[in-house]
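Note that chain A is present in both complexes that follow, paired respectively with chain B and with chain C.
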Partner chain A sequence: MASKHGAPPTTYSPSPTRKPHQPVFSDSDADWVRPDGRGFHQCRPAFFRTAAVSAASGSAYAEFGNTKVIVSVFGPRESKKAMMYSDVGRLNCNVTYTTFATPIRGQGSDHKEFSSMLHKALEGAIMLETFPKTTVDVFALVLESGGSDLPVVVSCASLALADAGIMMYDLVAGVSVSCLGKNLVIDPILEEESCQDGSLMITCMPSRYEVSQLTVTGEWSTGNLNEAMQLCLDACSKLAKIMRSCLKEAASASHS
Partner chain B sequence: MGLPSDSGDLSSEMDVDAYRRLFPTHFYEKHLSLSIRPDSRPLGKARDTTLALGAVGSVDGSALAKIGSTTMLAAIKMEVMTPCTESPNEGSIVIEFHMPPICSPIVRPGRPAEAAPVLSKQLSDTILSSGMINLKELCLIHGKAAWMAYLDIYCLDADGALFDAALLSAIGAFSHLQIPTVSLTDNGKIVVLLDEDESRKLGKEPVNSGKKKLTINNIPFSLTCILYKNYILADPTAEEESIMETLVTVVLDSSARLVSFYKPGGPVLAYMSAIQDCVALTRQRVKELQKILDEAVSGMEVD
Partner chain C sequence: MVGLSDGEKRFIHGGIDQNIRSDGRKRDAYRPIFVETGVIPQANGSARIRMGATEVIASVKAELGKPSALQPDKGKVAIFVDCSPVAEPMFEGRGGEELSTELSTALECCLLGGKSGAGAGIDLSSLVVVQGKICWDLYIDSLVISSDGNLLDALGAAIKAALSNVGVPRVNVAGGAAGDEQPEIDISDEEFLQFDTSAVPLIVTLTKVGKNYIVDATTEEESQMNSAVSVSVNRKGHICGLTKRGGAGLDPSIVLDMISVAKHISEQLINKLDSEISAAEADED
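Moving on, here comes the complex of A and B:
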């Protein structure tokens, strides 16, 4: 046992270190294929299931390739004692990674900003006035990080909120696009994200055609940016259809 | 309406769910007197149990165990360390049990559950003292390099009997563990060999070829029981644990030897006969769990 001898010994992962920022393809080779063989504008197959955690008021599990996420929703329940009076409900979000989510153990804690980004992506979709003075907690755990983690968390969280019966204007679907050289790849995996030139993420309510969050980082040309936004919006509305059918299935299964 | 003792009269007048919440002890006592539990189990029966190996892709070994709704995900990552001077030919195992906020309404972010470190310790003690893993098998180069196995167990859904589910998932993860083939680089680092034949040509000999799996002896299996008055309830749910607080966990190995025994206090003081009954229930449960593990392992070999 390590603890017997005081401080645990330092360890290192024996996995070979990746070559630093080797571009996936140069502009010349146009016949480049994505590592998982997808088309540039093709998303990974999405799998959703509601009621994954029995202890929660509502929950959902999402799997996009190697990205696997569980979101639990608790409440509406009493707000923390220190909170000021509020006549609209509060939303409290938290995103954590398992220690084995990333290829090197314990690197998942780098994404401290995800909790607040999840909060901002969902806030506009929830009818906060339906649960005054109370708090709804949305907790996400990334079991495995396979790229496009945040958009998957957002979609999964909105499904968990629906499962918990929290009133919303619409489901929120999230999709991201990476810019690699001149090409745009939708729903990037970890490998593609690590060598992207720019990234764009949209979370939106497709039935209302409203965007709840839009983040753009890196280098973009105006043309690419417009194309990427359109790609994301189209993918979001398709994703929302899958999410809706998951909810319908769950509802019809519980009735019969 | 008066004191809770008057509630006997109310049971016929009010909604069952309301009665369950308002008078939980009476609700349970009514069931127990008929030798049945609210989820229609007899007192000594555990919930349906499943074990799936290889649930996580990015690790060296993993398993998902479910006992009723209680769900545990265990994953092992192998890293390399320099063994300490006292035991130059032994590797090491570090076991951590996590209760993320998703698993239960009582866990909040930033305020870790009290139960988590307790279970971490119990799991380490049980796994390391059972002799299930021979630490000498984790040695790579005598005195120079050895494996450190990081076992992380995540509770995904907490509905009672957490220790039993966590231990089952840990055993599943060790059964599924594939130790990577590694070689020694010129600067003394251990690196995973991606393609064995390719690297042989380059003159890189693997350090540990042919030892892909650990031998697992004396597998420990556990059963948690609740003691309440004269009743013994096997494999409690979270609701049962919150109402009747005296827990007893018995760990036996595959040849029915006692590995560990936990009775962390509680309002009920146990008689020897109750302890013997718990051990007897555990002995039956070990057979069930052994079968579940065997099926999971053989299912994996077919793939």
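Moving on, here comes the complex of A and C:
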């Protein structure tokens, strides 16, 4: 990971693939612990770094526990010839998984819908009218899938767009919540996601307090849904602070 | 693509503000829904739904397959949506692909529930014939024949109607297959099992135009939308899935308000659709 400022290079060794026994979540055992020892409403430590790829106009790397994502942004550049004239810019998003990202090799192709979901999460935040007739490409690569992949991709992509100097109304932060039995767990890891009863993902622009994308699966009562949304929105605003400080750090490092 | 003049746009916006839309409906009124079941003889169940100029067909085919190793006690369901160029010239070639994936992802999110199968409209464990060895694979294929907005709601309703029309043949398993052997089966061609569709949720899409939301938007109204939220609600009033379309952001309180409005509308709509489906079934007999 090339970092253009003087911070100590952040190396990491992939943790040896521990295979915990499938945790059993039932309503009766109310005090189970999460596989990684976090509290139910505790997010994984978030790590962001901009300028991860030197060839791109802007890029970012994000690491949330085992979820590792790299996003590069190219453009704005001329739209393809076949495209019709458009007085607003185009956003092209693509999310791919490395073949080694998932526990079983090559399973990442199950997530074809992620590209369009990333597009929907970002388009409301970008001032598309500032680059007419051109296209901005956002390419996301999931290096390692460790759960809550899409929210991490969205947050990382908005940071990469900011790094590329694309005009945005606000950063977009994404957080998901899983419903396991009666409990809500925030920022689920892969093992928790595989046995969840329901999930909710919010991407929002915290300064404007607007939801740019929202998906819910599984059965929810209104009360539960309210609680999960509040939890996510709160986490989003805290995540956005971390993202902002990462941008500020990068900017002050490039000045000095 | 809809080309509207400034005047027409203003007419649509003004009408929605005053609760009289271009076709005379109120904001919370659906177009009349026409249901016809059993339209495809080759399928195990099928239905055609017409809402105004929007017309879709859903067919359900059941095939015997092997359950996945991870979930040996569950059958499989796959949902596909095909946007035919018959409906819209821009669907030609790969043009409809993007919309197809978006619709099928939204339908899967709204109908199939969470990973553990909780809240699923279709009970996957009822599809198992022999645990770990044989199960039914349901292939739900839907086709957009004519598109005039609100495709997702129409597709959801069509799938619900098609599922209630499904007859899965009874399978008799000859006992005594030990270990890894595939048991012998006999598919009955006389006895069919009906499917319980009371838990299948209904999808209600609220389209936000200006400050107001409307249901069952036509293509013209959809072209003026800021954003749309599709909520799937089951009979119990629980939310089974939710997706958002359109770029504009929404205030969280508006999202919650939209959910409660969608829930309210779905109560009447579920009853209306159920009676339409049973009327269609009776017609067929």
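One rule holds for everything that comes next: the second predicted complex is superposed on the first by the 233 of 256 C-alpha atoms of A that agree within 3 Å, B and C clash if a C-alpha of one lies under 4 Å from a C-alpha of the other, contacts with A are read in each partner's own complex, and residues count from 1 in each chain.
Heads up, the rule we're going with is that a contact is a pair of C-beta atoms (placed from the backbone, for glycine too) under 8 Å apart; a residue touches a chain by one contact, two chains touch by 3 or more.
Because the structure is predicted, anything quoted here is derived from the model rather than measured.
Touch criterion met: A:194 reaches chain C, while chain B stays clear of it.
Of the two partner chains, neither chain B nor chain C is touched by A:51. By the touch criterion defined above, A:209 reaches chain C but does not reach chain B. Contacts of A:167 after superposition on the shared chain: neither chain B nor chain C is touched. Judged by the touch definition given at the top, the superposed model places A:116 against chain C, while chain B stays out of reach. Put simply, chain A uses no single residue to touch chain B in one complex and chain C in the other. Remark: chain A residues 1-2, 5, 8-16, 52-56, 59, 66, 70-72, 74, 77, 94, 96, 98-103, 105, 137, 139-141, 143-144 touch chain B in the complex.
Per the touch definition, chain C reaches chain A in the complex via residues 98, 101-102, 105, 109, 112-116, 118-119, 227, 229, 234, 238-252, 255-256, 259-260, 263. Of all the residues in chain A, the ones that touch chain C in their complex are 112-113, 116, 120, 123-125, 179, 193-199, 204-205, 208-222, 225-226, 229, 233. Only residues 56-59, 62, 69, 71, 73, 75, 77-84, 86, 92-94, 96, 98, 100-105, 108-109, 124, 128, 148, 150, 152, 154, 156-159, 180, 182, 189-192, 194, 238 of chain B touch chain A when the two sit together in their complex.
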